[in-house]
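All chains are identified by letter, namely A, B, C and D, in their written order; residue positions are counted from 1 within each chain.
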Amino acid sequence: MGRPMALNLVRAGHRLKVFDLESEAVAALVEAGAGAAGSAREAAADAAVVVSMLPASRHVEAAMLGPDGIIAGLKANTVVIDMSTIDPGTTRRLAAAVAERGCQMLDAPVSGSSIGARDGSLTIMAGGDPEVLEAQRDLLGAMGGNVVHCGAVGMGEVVKLCNNLVAGAAAAALAEAFTLALRLGADPRILFEVMSTSSGNCWALQTRPPVPGLVPSAPADSGFAPGFMVDLMHKDLSLVMAAASELRLALPMAAGAQQMYALASAQGHGREDFSAVFKVLQQERAEA
Amino acid sequence: MGRPMALNLVRAGHRLKVFDLESEAVAALVEAGAGAAGSAREAAADAAVVVSMLPASRHVEAAMLGPDGIIAGLKANTVVIDMSTIDPGTTRRLAAAVAERGCQMLDAPVSGSSIGARDGSLTIMAGGDPEVLEAQRDLLGAMGGNVVHCGAVGMGEVVKLCNNLVAGAAAAALAEAFTLALRLGADPRILFEVMSTSSGNCWALQTRPPVPGLVPSAPADSGFAPGFMVDLMHKDLSLVMAAASELRLALPMAAGAQQMYALASAQGHGREDFSAVFKVLQQERAEA
Amino acid sequence: MGRPMALNLVRAGHRLKVFDLESEAVAALVEAGAGAAGSAREAAADAAVVVSMLPASRHVEAAMLGPDGIIAGLKANTVVIDMSTIDPGTTRRLAAAVAERGCQMLDAPVSGSSIGARDGSLTIMAGGDPEVLEAQRDLLGAMGGNVVHCGAVGMGEVVKLCNNLVAGAAAAALAEAFTLALRLGADPRILFEVMSTSSGNCWALQTRPPVPGLVPSAPADSGFAPGFMVDLMHKDLSLVMAAASELRLALPMAAGAQQMYALASAQGHGREDFSAVFKVLQQERAEA
Amino acid sequence: MGRPMALNLVRAGHRLKVFDLESEAVAALVEAGAGAAGSAREAAADAAVVVSMLPASRHVEAAMLGPDGIIAGLKANTVVIDMSTIDPGTTRRLAAAVAERGCQMLDAPVSGSSIGARDGSLTIMAGGDPEVLEAQRDLLGAMGGNVVHCGAVGMGEVVKLCNNLVAGAAAAALAEAFTLALRLGADPRILFEVMSTSSGNCWALQTRPPVPGLVPSAPADSGFAPGFMVDLMHKDLSLVMAAASELRLALPMAAGAQQMYALASAQGHGREDFSAVFKVLQQERAEA
């Protein structure tokens, strides 16, 4: 997701110096007008604002804390915005390390598909000092039209994960509802219509029902092209469950949904839209 | 739910002859202008249309098939409308028994709370012959503003159960999301706002978030008064799981939700609104 | 399982009159020396003891209560022994109908594989009047070496289902343990040895670990030939969950295990030994 | 568990220098004859063998990698034995850091209750170089009678976690079986006897059935005094699930069991024996 987000910053007139472990990603942005840095540290050294977007906690930790990392390069009063979806505990630890350099950190994970990243319509859930956030609203606005202040640093991550818990569980339940309806002979269009005006209505029903022909441009209508991948939903639910484990908190629905996305991934659907969790329940019976 | 629905029929000018095993329920309707019958058989004997609304499959079977039951009293061409939520297989068996008497059956379970029953705003999911249904639209319309034809007899039950599968799972997931957010220090109002415009949006969020102060007249704001009771959600999910067992179909989210409502019921919340499933996760730690 | 059990009765010198909806099953027993009856009713008419062994509640109900069924044929003081695994509620209802004919019923479901049925080594869990049971110990002993009185009628079923709940859940957990161990690079023989003397020890580990080469004549060593089939384990767990639904009792482990055997069945392993639930977790990743 | 294990080392004639963040724990061992160190680093500085036993990965990381930690104090050729139960990935990273100092690490988590720690009857699952392990068999033997070599470093942790996955799931399933049996009116002694010789047999049944009066000195007979605590079982299942998340592996039974122990902990049973998971299902109905 990082590349289209950075492109939107370039288009909005921001001067960027970019770094990525894959030089191809850097080249694409340089072609669009960004400068290239030789390391995260170098990218951070001259910047007023540093933005990071990485797959998982361990990548953010390496990019922030490593000898050639962002924090090593920070000069005072730089604002660090981590837009990765990672666990809130790591976010708070990194924010403390950033603060030790006389800088401030916002966490600002995003919600929305890769399409949202391209057309700048992501929802951005930001945590941190409200004044620091206000000063960066224009910059964030170039990437996402809806920037919400969620509280202290880390709370952007918390709100995003809690939102995705429901999104992932509802989509998995939706897959079950359509599977059962089809097996019992119901017309999926009627199920869709009834649910749309009833207690089964949810975001996944309106954007990605698992059966084709119900909603314009649903992933099910184009071979489950994402959208938001099964493996990313599994990752977010894994972050939810890690936080719950730490708190000794029971979250049975989140745990069940995590297992279903793991099965979908194991069956080869990890890079399809997360509505493909439907396929886990559609196995052909190999034997009579 | 039967009493307010019958009252709406009386108010709409229909002539009713009513029977209930509890004489108190009959008395209330007689006071409103209905006639009383001494048995289900007697109630059915003179009727052009017979309407039943009962708690579970075994009650419907007894009321239909018993020696003093509806089917024993039917004259030819009577229309039998069962509005109970029961398993679709039982519905189909009863419809066959009704057909043997030269009559026709519709299944027409309802969606909506006890408030919906009172003010006639239920959604009615009807299965059966479309012409028979059309002829009864006025009568059904007196009980629910939204009457949807779902297919052959039994399909009203199928669509209702599939809808409630998602409703029950989403509400349970919502309870987990708010629990996790609160434990991690997030503001539930911000979570509500973000989810309302994001992938976590669902009917339960907009009508019954588990935390008070977010939505006007949510059950959480009035001690979890129903609404739709925990025990009814458990019953509907049990019907879902019975159908799935018969088909050897895996429905892990429905199974998980069923367990959560069972726990809520065991902890004394069976007659509260189903958003009270939240309380299962809020146990005080008795020990340090 | 009925045929080898009936054969053991013939071999023990009992005179049998047999009925089955499939004439082939009858023919095989006639060849071995049994007499044939034209219906369940006829088979019951002359008997001092009637033994039934059928797949599910609805079959037992039909064979007992139908117009050509066992109960219609009973003369007073006949003992009816139902060895089917069905739900305890149905058992109690049937026992009441048997009692109305002046007869007595025992429920006597069995535990053990098809091999146990052949060599007469089944465990028989019997419910009913203890004197009635004592009088039938010889007959039951021809089918199973271990006959246990479990309490009033229906308690045989209860004890069997509770036992199988643990058997099914433990075998599913064992499949997970070996899957995780293999993925993390552990030697399954060492895992087997450690678990055998530690807190992970269980019947499934000693009789049917999911990896070949650990235990003589484990199903995994012969293509998961049963043994006790996935679909039978699914059926028993479905009976457990139906009883739990009726009681509004949460049984999350049983519910989870039921889903895993349903997935195994959907993936074509329904007629393999229940240790094949392991395969649900072994899906090849179709994509990188 | 560390204190009784250290006491066994002292009794076996080993000279110990001990460190703990809680001075009370140190004092008790000093009284028994051990020397005291001012830090983990100091304790490690003179030792031929360093043994650590700590609650969780983060404690082991701090004790090993911190500025006053074990690794900072190591001289070449010291053997480091970590007996904590932590995630195998952390173990491997620590082993690499130990190797950089010219030393070698074994992981050696234990199985068995606090009683086993006291009387030296723990099972020790060791990973690492087999020659290094052989040289330490006497020392380990003072703490546990059964020392098993499980493979390369980290494999002790893997085998322990896989074993406990089954132990935890089986005990939770056992709680469900006894709950269902009691609710349906069965005699728990008969269930115990049948299961003991049938497919439901497992270690938890023989050592800690959840109902008193079945097994001598079961936790249920003494107010669920541990034994092995609910919170420790939750911790081990959390390690299992963290490893599964990393591998995108579905482990539904482990996930379900983890939720049950989390509920037990939330309800105040975290420090009781893990057979107290039974109580989650025994809630009194607060309302009719």
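Definition applied: contacts are C-beta pairs under 8 Å (C-beta built on N, C-alpha and C of every residue); 3 or more make two chains touch, one makes a residue touch a chain.
Keep in mind that this is a model prediction, so the values were computed, not measured.
J.: Would you mind naming the chains that touch subunit A and likewise touch subunit D?
T.: B, C
J.: Can you name the chain that lies farthest from subunit C, using the mean of each chain's Cα atoms as its centre?
T.: Here the answer is chain A, farthest from subunit C.
J.: A-C versus A-B: which interface comes out with more C-beta contact pairs?
T.: A-B
J.: What's the distance between the Cα centroids of subunit A and subunit B, rounded to whole Å?
T.: 37
J.: Could you tell me the distance, in whole angstrom, between the mean C-alpha positions of subunit A and subunit C?
T.: 48
J.: Which subunit D residues sit where two or more other chains touch them?
T.: 244, 249-252, 255-256, 259-260, 263, 265-266, 270, 281
J.: State the interface residues of subunit A toward subunit C in the complex, per the touch definition above.
T.: Answer in residue numbers: 252, 263, 265-271, 280-281, 283-287.
J.: How about subunit D: which of its residues touch subunit A in the complex?
T.: 231, 234, 238, 241-242, 244-245, 248-252, 255-256, 258-260, 262-263, 265-266, 270
J.: Of all residues in subunit B, which touch subunit A in the complex?
T.: Going by the criterion above, the answer is residues 88, 111, 123, 125, 146, 148-152, 154-155, 158-159, 161-167, 169-170, 172-174, 176-181, 183-187, 190-191, 193-195, 197-205, 207, 228, 240, 243-244, 247, 249-257, 259-260, 281.
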